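Per-chain residue numbering starts at 1, and chain names A, B, C, D and E are given in the order in which the chains are listed.
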Amino acid sequence: GGGEGGTSNGEGEGAQTASGYMPEGAVAPTPETIEAGEYAPLSRPLFLYVRKEALKKPETVAFLRYYLSEEGQDLVSETGYVRLSSAQLAETTKILEDAIAEAGTPEPGDTITGEVVIDGSSTVSPISSAVSEEFSIKHPDVRVPVGTSGTGGGFKKFLAGETDINDASRPIKESEIEQAQANDIGYIELKIAIDGLTVVVNKDNHWLDGLTVADLRKIWEPNSTVEKWSDVNPEFPDEPIKLFGPDTDSGTFDYFTEVICGEGGASRSDYQQNTDDNFLVTGVSNDENALGYFGFAYYVENQDKVKALAIAP
Amino acid sequence: MSTPTLPAAPSPGSTAHELTHGRRENRLFEGLCAVSTWSSVAVLAILLTSVTYQAWGWLDWQFLTSFDSRKPERAGIFAGLLGSCWMIVITILFSVPIGVGAAVYLEEYATDNLLTRIIRTNLANLAGVPSIVYGILGLTVFVRMFGLFGEQGVFQIEGIPLWGDAVIPLPFGRTVIAGALSLSLLILPVIIVAAQEALRAVPPSLRHASLALGATRWQTIRHQVLPSALPGILTGVILAISRAFGETAPLVMIGAMTFVRFAPGKITSLEVVFDDPSSLVRAPFDTFTVIPIQIFNWVRQAKSDFQHVAAAGIVVLLVVLLVLNGLAIYVRHRSQKNLRW
Amino acid sequence: MLNAFSDLVKTREGQADTASEARDQRTTKIETSGLDFYYGDQQALFDISMTIPERAVTALIGPSGCGKSTFLRTLNRMNDIIEGTRLTGQVLLEGIDIYAPAIDVVALRKKVGMVFQKSTPFPKSIFDNIAYGPRIAGTSDRRKLTEIVEDSLKRAALWDEVKDRMTESAMALSGGQQQRLCIARALATNPDVLLMDEPASALDPASTARVEDLIFELKENYTIVIVTHNMQQAARVSDTTAFFFQGRLIEVGDTRQLFTNPKQKQTEDYITGRFG
Amino acid sequence: MLNAFSDLVKTREGQADTASEARDQRTTKIETSGLDFYYGDQQALFDISMTIPERAVTALIGPSGCGKSTFLRTLNRMNDIIEGTRLTGQVLLEGIDIYAPAIDVVALRKKVGMVFQKSTPFPKSIFDNIAYGPRIAGTSDRRKLTEIVEDSLKRAALWDEVKDRMTESAMALSGGQQQRLCIARALATNPDVLLMDEPASALDPASTARVEDLIFELKENYTIVIVTHNMQQAARVSDTTAFFFQGRLIEVGDTRQLFTNPKQKQTEDYITGRFG
Amino acid sequence: MTDSKPSSPLPSTSLNRSFTLSRAKEQAIEVSLLLCALVSIATTAGIVFVLVAESVFSIPPEQAFFQEVSVWEFFTGTQWTPQFADKHFGVLPLVCGTFLIAGIAALVGLPIGILSAVYLSEYATPRVRSIVKPILEILAGIPTVVYGFFALYLITPTLIKPLFSALGFDVDGYNALSAGIVVGIMIIPMVSSLSEDALRAVPRSLREAGYALGSTKFDVSAKVVLPAAFSGIVASFLLAIARAVGETMAVTIAAGQSPTMTLNPLRSVQTMTSYIVNVSLGDTPAGTIEYKSLYAVALCLFSITLVMNILSQFVMRRYREVYQ
C-alpha cells in the first residue's frame, strides 16, 4: 500500500513524529490529557459498585482500602489507566469510610480470611485483577476472584446478590437501579480511575495520526458504506479498512457507540469483534490497514504494537 | 506370443529387453506417499521444537508453583495443575464405573434386541458429537440444572453429616463437579468402546469354564472376565483420560474461570488437607481452572511475553499427556506379557 | 478293523465284564426323554431318550457335528448361555426335571461339573484355580480351602506334580497337567456328575493315557459322561456307549457289545471307519 | 486304487500319447536349477532342479505343505512380495535368469500369468476386470480394450455366459464363472506362461470339468503349470507331473508313466493314498 | 448322592432356587449395568432435549428462539449480528465460515491422510510402521488449544503472511487459512488410521491377483486396493470432516470472530463453534435472544455432524459387506 499523506519518511522513531494526517484540534490520549479532561469526548470515569451487605465482611473492607491506597492507585497507573487526582481520591475514600462506619464492620485484624467476589467490566478488570493479585500476596488467605462478564453482565449477577463488587465502566443505569430496589440490594458507587477510549491503528501506518469524531462516525455508524480508507477521506489510500472493536456485551461498546454514533449499540456490524480486548490488539497489530478501539489501558500495555490516534471533537 | 527363445543364450533379444524395463510413476507415487506420511512427523517435530523453543527459560519451578498473574514473569500454572487433577480424578470416578458397567452390560448381558441395537448405534454417533455440544449440555444440565433451583448459589445444602460444613451448591454452578460430569459424558463413548473391545478379547472358554463350575454370571464377570480384560480396559481408560485432560471447549462453556489465583477448595498444599479435611469435600464444588484453559487465556493475552508463558503451559500439558500415553503403552505391553492364552 | 477294537476291549475285558454285571443293579442318574434341541431354527437334537447310569462312564460317539457336544451341554444347561436356543422334552437328574422353572441353574452346574476339550485354566495360580469353585460357593476359610485343593488335586492325580508350585500360574503347566487341573477344579465343587467334552483330544498320547486312567478311577465315585472322537478311547474307558448320528441317538448299550456286535448298520459302518 | 488311476489316464490316452511324443521335440520354457527357498529361517524348498516344457501342462502334486505353491510362486516371483523370503539357485525363463538384478518383475509377471485357488475377481465390472491388465500396461483405446476383453473371455470359454452383462459386478458371477474370469483376466495380459495354484479346488464338479477342459484347450498356446491336490485331475489334464514332498522334488516325469509306474517308493505311496 | 425315584416332582433338593437373596443380587447387578448402558442414551436424549428445548419449544413457548426468529430467516439470512442494535439472525455466515475451514482442512488432511494410509498399509516396512503409527497417535492426542497456538503464532506469521503478502494478497491476522491448515493437520491421524483399516481389510488375495497381472505397486495400490476400500475411505473422510466441522478451540483462537459471508481463506471468519464459545465467554445473560441463538446454532451444528456420522456409519457397514 502507499498513501498520499506523506508516508515517505518510513521509520519515524516514536510514533509521534507527526507526519501523517492530523485534523485540527486533535488531542492524543496520554495520562495527562485524559486527567486534564482535554482528551474529550473519549474519556470516562471507572467505578466499583459495592454491595453494602458485603461491606460487613472485614475482607471486603481491607480489600477496598487497599484499592484506594497509594499502592492501589499505583496499580491503576501500572495497568495503564489514569489515577484519580488527590481531591477525587479523598472524595471516594470518604464515601467508602462512611459506608464502612454505617455497616459497623469490625476493624480487620492482621490475618484476614474469606472471599471477595468481583465481576463486571472487562475494562476495569485489569485494575481489579492487579489489585486482587497484590492483595492476595499480602493476605494469602483471602480469595478475590475477578470475573469479566462485562459491565451489564456483571450488574446482573451483582443485583442478584451473587457478587460483592461490580466493576463498571459506566454509571449504573436506571433499569439497574430499579432492579436493585426490587431485590433489596443496597450499594455504594466508588469512582476509582479514569479511562480514555483509544482509537488505534497499526504501528506501520505512517499516513494517519488523527481523526475527527465525524470521521469515526462515518466509519462506524450502522450500515456504513465505508469499505476503504479512501471512502473516509479521499486523501487516504485506496486500501480496504479493517475494523476491530470490542464485543457488543461490553461497556466499551456501549460507550463508544453512544459517543460516536449517538445511540448505545448503534454500530456497523461487519467488523472483527471480541470480548477480549487483547484479541483486538493482536488483530490490529497484525494488519496494516486496521483500525480499532478499546480501553486506554490496553493501549498503554501495547504501545509497541499499535499506535493511538489523536481525536478531534 | 513371443517367439520361443532357446534357453542357452541370454540374448539381449525381445524377452530380455521386455523384462528389464523400469517404471517411474511407481517411484513417484511411493515418494508421494512417503512424503505425506513423514510430513506429519515433521509437523509434530516442528510443533514440539517451536513450542519448546518458545517455552525455553520460562518453564521453571516458579512457573509450576505460582498462580496466574498479570505479569508474564510471575504467571504460573499451579491453579491449572491442581484444577486439572481434580477434574481428572472426579471424571474418572464417574466415567470409568459407568463406562465399564455399560460395556459389561453390552458384552455380557445384552441380547440382540431393539434396545441394545439402539444403544450400540447411539454410541457410535455420540463419539462423533463435537465436544462443545457436550459443553452446552453440561452448562444446561450440571451448571444450571435447567434452572430448577433458580440462579446459581441460591440454594445450598449445609452441614452434611460426616462432611461437616461443606457446602454443596445447587445448582452446581461453574464448579469442578459440573465440569467433570460434562467431561465424563464426553469420554464415556470412548471408554465404553475400548472396554467392549477388551471384553470381547477374553476367550469365551474362560466364561464357560467358570459357569460350568457353578459360578453365577456376575461371579464369572467379577472374578474371571474383568481381571482378564483389565489391561485392555485400562489402556482405553488412560487414552480417554488423556483426551479429557486436553479438552478445552466444553470447559469454556461450563465457564471455568480464566483468571484464578487459587486452587479448588483452597487446597494449596498437603498441610491444608491435614488441617481441614473438609476442604477435600469442598474442592469439587469450587470454581476452578484447568491447564488448557490457562493456555487459552495466555494465548489471548496481548503482552507478547504471555506467548512464552502459554508455550510453557503447553509443554507442561504435553509432558503430562506423553506420560499418560507412555503409561498406556506400558500397560498394553505388560498385559501382553502377563496374560497368554 | 473290527478286530482291532475287540483287541482293545479285551485289554480290560475283566473289568468290563464285572461292570456289565454291576450295571443292572446300578441306578439311573440321568434320564432324558424326547429331547429336541434347536439352535435358532436349526434342530440339532431329535427326540433323544436315554438313561445314564450312576457311577459309571458313558461315552458319546459319532461323526463331527452329530450333536454329541450339544447333548452333553443339555445335561448341565450350558446351552442356556447360547442365545436363541430352545429345548423341548425332559432331562431328569435323580428324577428331577432340571429344566423346571424352579431349578437354580447355578446349583445344578455345581452338581453337574464339566471339563472341556481344550483345557481352560484361569490365568491365576494353581491354588486359586482349584479354590475358585469353593470360593464362589462361599467358602473363605483358608484352611478348609487348602484341604479341598489338596484333596481335589490328589483325586485328579496331579498333586505330586504340582504340590510345590501352588502359587505358580496355571498357564505354566503342560497340556496334560492343565487338563487334569481342570478336572481337579471341577472335582473341588464336589459334583455328582462329571461331563467331559473330548477331554483328551488336545493331548499327546502320554497325557491322554494319564487322563484316561484318571477317568477310570473317578468312576468309583462319580457319574461320568464323556464325548470322544476316538473310538479306542471310548472302548477303553466307558461302560456304556451311545452312538449319535445327525442329531439322533442311533444306538446305546454296553460298550463291549456295541463295539463288537452293533445292532445298527450305521453304527457298524461308523466304528469300522466306513465314514466319519 | 492304482487301477482307478490307469482308468482315468486311459480316457485321454490318445492325446497323452501324442503329447508324449511331442514332448521330445518341445523346447524347455522354464528351467530351475538348485533352487532353495526360505521363509525367514525356515527352508521351504530344497535344491529343486527341473525343466518345464513349452506349450504343455505340467502338474505339481504332493501332500499339503510340501512346497508346491511356494515353487509355483518362485516362477513369477510372487514370493517377492512376502517379507523376509530368500532364494538361492536359478530360475531361467527362456534362458534368462529371472532373479537377475536387471529384471523388471512387473514385466516378468505379465509374461508369466497366474491364477489362484480361490478366485479373486476385483470388485469391479466384468469388463473392467478383464481390461485391468491391458489398461495398466498402457492400452486406453476403448475399441482395442473391447477387442481384448472379448477375445480373452472367448478363450476362457466364458464369453457366451457373460457377453450381455459386461458392466455387472464380477462378484455376482458363480464360483466357476469367477474362476474362468480370472483365467480370462490373466490371458488378457497376453502371457506366455500360465501358473495355476489349485484353480479348481473351490469349485463344484461341473465347474471343475469346465475349467479342466479349458486348461486342456489352452495348452495349445500356453505353457501351463498347475498345482493340484486332486490326482485324478493331474492325471486328466497334465502332460508332465512333478511330485513334491517336504520341500523336495521327489520325482518328475511323463504323467502317464508317473501314475502308472512311479519310480520312487514315496511317489507310489502318495498316489495310492497311503499318506497325504 | 441319594437314590431317587423318577416322578416325585419336588423332593428336598439342593437344585431348587432357594437362596433368593443372591438371585436378587444378580438381578440388581444386571439392572444397574443396564442403567450404565442407558446413560449413553440419556446423553443423546439430553443433548437433543437441551438444544431443541431452548431453540424450538422453551417455556413459555413464545420465547423460543424460533418463535422470535423465523426458521426461514435463520437459514437464509446472510447477516449474523445478534448483539447489535440492529439484530440479524442469518446463520449462513457462520455455516459458510465453518465449511470454509472444514473445506481447507479437508484439502490438507484428506490427501495427506489417505496417502499416509497407503504408505503405511502398502509400502512401509513393519519397522517404519511401528515408528510412524505412534507418532500419528500423538498428533491425534495433542489438545486443540495447542493447535490454535501453533496456527496463530507460527503458521500465520511465518508462513501465510509472508507468502501471500509477497503474492500481493491481503492477509488478515486472524484468517481461515491458518485455522483450516491446523484443523487439517488434526484430522490426518483420523483419516490415516481409519483408511488404513479399510485398506488392510482388502483381502491379500486381491493384491496378489493384481501383482500376478503384472501390476506395479502403484497399480495395485491405486487401481486395486484403493477402489476396493473406497467406501471405507469415504467413511473415514466423512468422519474427519464431521470432526473438522465440530472443531472449536483451534478455530476460535486462529480464525477470528467475524461472521462474514466470505469464501476468501485469507479473511477472518467465524464458525458455528467459535460463535458459541464467544457468546459463552462474553457471558451473555441467560434468557436473552442472543443467548438462545447459541442453542439454535448448536442445534444446527449438531444436526450437521450427526448426519455426517450416520452417513459414514452407513457407508462403513456397506463396505464390510463387500468381502463377505
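Points to keep in mind about this one:
We adopt the following convention: a contact is a pair of C-beta atoms (placed from the backbone, for glycine too) under 8 Å apart; a residue touches a chain by one contact, two chains touch by 3 or more.
Given the structure is predicted, the values throughout are model-derived calculations rather than measurements.
Think of each touching pair as a link: the shortest run of links from subunit A to subunit B has 1 of them. Among the chain pairings, B-E comes first (most C-beta pairs in contact). In this assembly, the C-alpha centroid of subunit B lies 49 Å from the C-alpha centroid of subunit C. Chain centres here are Cα averages; for subunit A and subunit E they lie 40 Å apart. In this assembly, the C-alpha centroid of subunit A lies 86 Å from the C-alpha centroid of subunit D.
Of all residues in subunit C, those touching 2 or more other chains are 107-108, 111, listed in ascending order.
Residue positions 152, 216, 219, 281, 283 of subunit E each touch two or more of the other chains. Chain contacts: subunit B has residues 23, 216, 300 touching two or more partner chains.
Interface of subunit E with subunit B (complex): residues 22, 25-26, 29-30, 32-41, 43-44, 46-47, 50-51, 54, 111-112, 115-116, 118-120, 122-124, 132, 134-139, 141-146, 148-150, 152-154, 185, 188-189, 192, 216-219, 221-222, 239, 242-243, 245-249, 252-253, 273, 276-277, 280-281, 283, 286, 294-295, 298, 301-302, 305-306, 308-310, 312-313. Those residues of subunit E whose C-beta lies close enough to touch subunit D in the complex are 125-126, 203, 205-216, 219, 223-224, 227-228, 322.
Taken together, the subunit A residues at the contact with subunit B in this complex read 79, 125-126, 129-130, 132-133, 136, 143-148, 160, 162, 276-279, 281-282, 298, 301-302, 305.
Considering their complex, residues 1-11, 13-19, 23 of subunit E touch subunit C.
Note for the complex: subunit B touches subunit E at residues 23, 25-26, 28-30, 32-34, 36-41, 43-44, 46-47, 50-51, 54, 97-102, 104-106, 109-110, 116, 118-119, 121-137, 139-141, 144, 147, 185, 188-189, 192, 216-218, 239, 242-243, 245-249, 252-253, 255, 292, 295-296, 299-300, 307, 310-311, 314, 317-318, 321-322, 325, 329.
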